[in-house]
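Below, chain A partners chain B and then partners chain C, in two separate complexes.
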Partner chain A sequence: MPDTMLNMTVNGRKVAKPINGQYRLLDFLREEVHLTGAKEGCGAGECGTCSVFVDGKLVKSCLMPTAKADGAEIQTVEGLAGRGELTALQQAFHKTGASQCGYCIPGMVMAATSALRENPYADIEEIKERLGGNICRCTGYTKIFEAVELARDVMNGRLPATALDPDGAGESYIGNNVRRLDAPSKVSGALKYAGDMVMQDMLHMQVLRSPHPHARIVSIDTSAAEALEGVECVITHKDVPGKDGFGVFVHDQPVMARDKVRYVGEAVAAVSAETHEIARRALALIKVEYEELPGVFDPEEAMQPGAVVVHDYAQDNVVKHIPIRKGDVEAGFAAADIIVENSYSTQQVEHAYLEPEAGLAYVDHDGVVTVVSPSQNITHHRHMLSTIIDKPINKVRFIMSPVGGGFGGKEDMIYQGMLALTAMKTGRPVRLVFTREESILSTAKRHPSRVTYKMGLKNDGRITAVSFRMISDGGAYGMSTEGVMRKAAILSLGPYDLANVEIDTYGIYTNNTPSGAFRTFGAMQAQFATESHLDICAEKLGLDPFEIRRRNMMKIGSLTHTQQKLETVSIAEVLETAEAFCRWETGAPTSRGATRTDLGGPDTRASCTLGARFRQIVDDKKQEVA
Partner chain B sequence: MARRARGRGMAASWYGIARTATIDRAGAWVEMDDGGTAKVVTGVTEIGEGILTVLAQIAAEELGVRPEDVTIGDNDTARSPEAAHAGATRQTYMIGNSVAIACRDARVKLDRELADHWQVDAGTIKAFDGEIWAEGTNKRMTVEEAIDLCKKRGVVPVGSGSFTAHGTGLDPVDGSGAPWQAYVFGCQVAEVEVDTLTGEVQVLGMWAVHDVGRAINPRGVEGQIEGGIVQGLGQALMEDYQLDKGHTTTHGFAKYILPTSLDIPQINTKLVEDRDPRSPLGAKGIGEPALVPTAPAIMNAIYDAIGVRITSLPATPEAILKALEEKEAAALQMTG
Partner chain C sequence: MFTFDHYLCPKDLREALEMIERLPEDGKIIAGATDVVPYAREGRGGDIHFSTIVDLSRVDEFRGYEIAKGKVRLNANVVFQDFLEDDELRAHLPCMPYCAIWFADDQVREQATLAGNIANASPAADGTPPLLAMDAEVEIARLVDGEVRYRTISIDAFVHGPGKTRLEKGELICAVTCRSMKGYGGSFQKVGQRRSLVISKVSAVALVKTSADGRTFEDVRLALGGIGPVPVRLTDIEDMLKGQAITRRLIAEASVIPADRVASRSRVEYRKRVVRGFVEAAIEDALVACGAPMPTEEQREAAHA
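== the complex of A and B ==
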């Protein structure tokens, strides 16, 4: 059947091309028209990174069939301004620092452009509503709002164009709000992330993943997949020439599952083919025989004698236990006027960086195995890969591509090994781009936690002793669990000068999705418990929350929980500044919200009510009638 | 109780800067280049936090050029010195100081040639924003001219820097040790509104005060704080990766709920700049510390508003309604 020919106008230029298997407008624009400003963040119309204009309407191009765009006029982020230029809105994003990792930014710029085209006088409520279909994981949206309001006012003439100019050098470049140097490339869609990169003769990889949380691999038959036309190679653990194993602290995870799978989504085999589509079809032809094993899904169950063992080397399923002891806890509790006990828990959290994992690998002219990926730790990854592929360090090269959000989630070398092995086996460049579902399924999460807390205090609020125990589900592989347990333990009890403490953190293996590095590395889970607990104690003692913290805070010369003497401590200044800054009304935390007088100030936003867009239209109609 | 109840809560926090309980280190190379430009080479890149701009500011300040004159490469294990990982709130502290040291090394070479040319003491030479001069004299030229002069005298002004943060491992029995050489402290206050009919919590205001050491780019620091708060808010109120016997039930953004533009409080930020005494720049860091106090501040605010304490995150509408029901049941039992 002849391929459907399409005629469309893209950024003012006529495009006449066959669909060539790119059935979604997003793929067609990226793969056939070579415009990679529109990104795939979710493939389901939920994140907005793929937003483009079709005949002037903002459209999520991952949801639009390519054939439907025949005859349409399309504008992408690359076409908003002339070459080398930025629109007022893009300049405003640059000025306010509205881009961080930049991956959501082309879509955000498109949505904001649409908002101001629809209503050049849109107020902040309407702007927020019109950006509601675009997710940003880095910025907290605040600088984006500032940018859109600035651009609106420049575009509608309320502010002069000079409002978009950079601040001057002043007397120093330190302490200066220098505009981000990478912002122009991000607001214009010019920056290439790993998934945007192509190489000549490049293969496309797809990964077969475990459907079972715990199973023995009886056999893997790749012959039918290898026989499929267009398949270049299939790799399994048998293709690993060196010592197989990676991890941030313990190297307990094979590049692909070896004798058994330990979680749903673990890589088992990888197919590389001439097209993405062929590679996907080949996956279905790989036959893996599994013998399902009982799994363990709760860390406290996994700690019981006789529990299912996840890794032979750790018969007790303990990845890491970190103990901290200081002073005499029993004496401290005996000296207390009150003892307060409680327990706390936090959930597993997904990093949700807008850029799903992606990478390219090739073997260069000197035989150097090169991996280009948004790795957060190229130094450590090259050490591990060198052992895995049994090559000297200078024959392994890692290049860190722009990272479209990391937050710790891209510290694990979970796919770069497969890319390197395929490049070595085929001699061809190969690219792998995760789908959102694959990213969520197979990559590490924030450690969930269960904390048991016991605190003794004097009536004046001074803490006499603390006992803190945290159990965390580390999931199927070690990844960063050891470090997370260490940091959680060290920082657990907060910035307080405590004489008697007993801290234990445990990271435990289970057959759940692994937990790994995530912004704060265990500190937020632990300090969530401490800071909640202090408020409970403050209420019992009739103390203001700032006051109970002040009575216990560290000072210069204090010994930390690990008995380190501090040379400089700013917590007193921080507390004092915060209390004044938010106009805090002093009082014990007795759920006195109804009677507070410090609420609803000019430094808060209005309570959200939907419908700002429609309100505007109603107002306009009223004006017309009048 | 009124349907919509408001309240406030606070939480404090602390954090250690750079890698934990180990000897952290990072290297950088610098060349003062033709045209008054500069090359900085180090082994990590941007993960969104703004490190490239921060390094360019540091290099500009140390070399006397403008940030836009600085080119940063190469993020490549085969072409650049080790800088280890982009995480642990270590980039500004570790790489920033290593770049500062490398720049100073290059400047020593440039200034030595210029001092000899001008017949002044090298210590009197200052440079800023593309100009270089000897203080107390009328001797002055552009940095571009100075680099050209230096090269014509046979010297390429290059420098290298290595910065170390000394941490010690923890004792395996009592955990004693000095895991970091720099600590930061923070405090956040949350103001919330709880809809007691739907259980929905809106965060209307956040006040964030953080010690970051010397702030290199205050607007960038604010951006980190705003982003950290919104991630903390997501974990506090809605995000929940769920598993059923090892199988996820939250495999896309339709099920895994993230904060969007309509969930964002007004975020008010103030920086405390308690300079680090152990490093050339005096900067510390903010990437991770920004989200540590957010969730407990919000939970404390919910308690202030409606008198229920959520100890298990996230405080979804369902969790809030359940807690309110339990509170009512307990109150009935007391009176009954």
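== the complex of A and C ==
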């Protein structure tokens, strides 16, 4: 309905515009009214990055058809305060450090504003409940709740307005509350992430992805898509002018699938068109003929002789094997009083940053191919892209846009190549914004791992030998697997002084979604195994879990299994502090269970309940009755 | 991606019925729109194009509610947030604030209608179990030879399968009429994977009226959701409790029985265990809402010993 005029008041300003292909209020506000404070985090009403007020009620603008808001009064995050000013709530977010990546923050500020408008005296439980529709991935919410309570108290006069002023740094920044420089731009919605950026004459890209985990590409026919009015270009692997291939350690991944696809969601072709809608329609017109191949989905199966081979260069499907040896493991096991064996597995995990991947590319006035994206590794991307597009490094530029959460998930150059190729082919700027579904489907995950543990111990808890074997599912491409396997091997055995050690970590190719960098870079999977195993050993030996760790911990002068002589060691202090803070009841794990006395208490979080706002009313009624 | 050619906002019931009479196959009727837009995404409905959308949210007759003769008539555009914020509705439908607080979040509740919830007829719909417990009837309108005609159908007959209702083409839900439950204690239990914005794995509703001395169950109404193709009312348990002295042991005994009603295709054992706890908790919470003291953990344990 391109010709229907809509009339709204947006932040006090009259807006009369046609829908113009922006079917949801969120798109209309962002693309037509150019207010990008409301973001799209999920497009399904789950995350709250798009919250706006419609006739005084907070709603999720991604769920509202644009025409539903005809005649309405809209307020977005940009309209909360005057230009260059911040509301008390926005100042409180600044003060407490409530904004980190900032992508959820405009929505979070809106939800908090709504909560305090609905009940200016809301207590913490009610605040939590009213912010329940907004997700933050960085903060753990604590700083956000602190900010809302601070603002509430200032607005109610319980605290002076000066409570919003910055704290003095004093003599040192360390240990003092220092405000983030970028917070005002985040709490006001002014900060532009890649998906918020617009250039004149910009094209919109959509990506055709593989429906198969493993298949040979017989043919790709893009002619019907190219013929569609409004389509500017379609690119495939054939458009790569240089040496195709990227990856953090091994350059095994083409910009778009070449010869075969190796996982569901792998990019096969990319369409760029005048509008997002035309690009979506063109995708359906691309014909790809696949010949399905048997796949391998379990890393241990992939290691067997005769298994399906994912990459020709790695006939054994091994991305990387990291072996580390120290001392004499056989002698160590022989000297043990007890040998404890177990296996530990961890699952695939999505990073779930609130900002889905997005990027913008153009060729500038000097012919420099420029890519703007929330990349966590722009220098490496720049070097790889220069090889892929066969241009000297001074003709390739990467600009890092604000990263709306990364956690390692934005280290891989999975879409920037397609943007660069399209900008080069068309001479026009081009933007790609992933949907949440696309982000989950196609980007790297945390390595699922299986650790087989064998540990020899003396009856007093001292460890005599360890054998640690980790098999990790690297998925279809190498990405950061090599580094993750190195880190897993280095940090595998924790802060313990061990004489006899045998470590093997393997990253294995499969036809699963590629695994890549994710907070801790492999240490989490290894530590989960090691610390769980120590608890189990403590139970078997009747030892206190802190005690078994103290008997094995590293000391100044200890030699690690990577032959590093330690000059400072803090594990003793860490154990002591942790033990005191959790009010630990001394004893072997077997002596605990329902009778333990160290559950609950200060600094522990009560389980979730709902109904804080009317529980108050019920309580009041009861008092009236009494 | 959610796209459409025409978007119609009828102002009254007649106009709405005329529009839906002419609605082509690829048209769509919406109210709050909180289900249709997320459905038109990859992995669910994919890109969906509607030739015409009829948005009922401005239909005059669908606004507000009326309370008379022991009945509460909820017109079709009553949204879930109303059950939390409206004092009259809270008094007459005492289980609905607890149902609403578990439904989606504050922002979705501002848009999502009760009528839309039952029209979608999800086995996990939060709105249906309370309506079953409150003997709700659905008023449906259609045009016959240009005249608006109405028919009424009970909620248990209206929802008859996953996504299946007795609503025919050309018909609209005008209102849902419940018995007023003023004086009852109400409660709602729900479990899903998180607190806000979650689809129920199991839900349970209870409405309890006690004798003046608070010692006897005068009336009990119970229903479960998420445990099979359609939500169910637990009349056998209600009969077992009605007229009996209120004891922890009786409640505990009654709560064991409905586990057999679980007819879901997945997580059957889990759901059975939840149902047991939920029926007990729902009755106890409803009693607390009547003014009874909250049982302690020890009392609960003792009742199950």
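Keep this in mind: the second predicted complex is superposed on the first by the 606 of 626 C-alpha atoms of A that agree within 3 Å, B and C clash if a C-alpha of one lies under 4 Å from a C-alpha of the other, contacts with A are read in each partner's own complex, and residues count from 1 in each chain.
The criterion applied here is as follows: a contact is a pair of C-beta atoms (placed from the backbone, for glycine too) under 8 Å apart; a residue touches a chain by one contact, two chains touch by 3 or more.
Since we're looking at a predicted model, the values are computed, not measured.
Student: Looking at chain A, does chain B or chain C touch a larger number of its residues?
Tutor: Comparing touch counts on chain A for chain B and chain C gives B.
Student: Using the superposition on chain A described above, determine whether A:44 touches chain B (first), chain C (second), both, or neither.
Tutor: both
Student: Looking at A:65, would you say it contacts chain B, chain C, both, or neither? Reply first, second, both or neither.
Tutor: The answer is second: A:65 touches chain C but not chain B.
Student: State whether A:174 touches chain B only (first), chain C only (second), both chains, or neither.
Tutor: Only chain B is touched by A:174; chain C is not.
Student: Could you tell me if A:270 is touching chain B, chain C, both of them or neither one (first, second, both, neither)?
Tutor: In the superposed model, A:270 contacts neither chain B nor chain C.
Student: So, A:132: does it touch chain B (first), chain C (second), both, or neither?
Tutor: both
Student: Go through the superposed model and pick first if A:154 touches only chain B, second if only chain C, both, or neither.
Tutor: Once the two structures are laid over each other on A, A:154 reaches no partner at all.
Student: Scan A:437 for contacts with chain B and chain C and give back first, second, both or neither.
Tutor: Touch partners of A:437: chain B and chain C.
Student: Using the superposition on chain A described above, determine whether A:413 touches chain B (first), chain C (second), both, or neither.
Tutor: neither
Student: In the superposed view, which residues of chain A touch chain B and also chain C?
Tutor: In the superposed arrangement, which is not itself an observed complex, chain A uses residues 44, 46, 129, 132-133, 437, 441, 608, 610 for both chain B and chain C.
Student: Residue numbers of chain A touching chain C in their complex, please.
Tutor: Residues in contact with chain C: 1, 4, 23-24, 43-46, 48, 51, 57-60, 62-65, 67-68, 70, 111, 114, 118, 129-130, 132-133, 276-277, 280, 284, 435, 437-438, 441, 608, 610-611, 613-614, 618, 622, 625.
Student: Can you check the complex and tell me which residues of chain C touch chain A?
Tutor: 1-7, 9, 30, 33-34, 37-38, 41-43, 47, 53, 55, 57, 84, 90, 97-98, 101-102, 104-108, 110-111, 195-197, 289, 291
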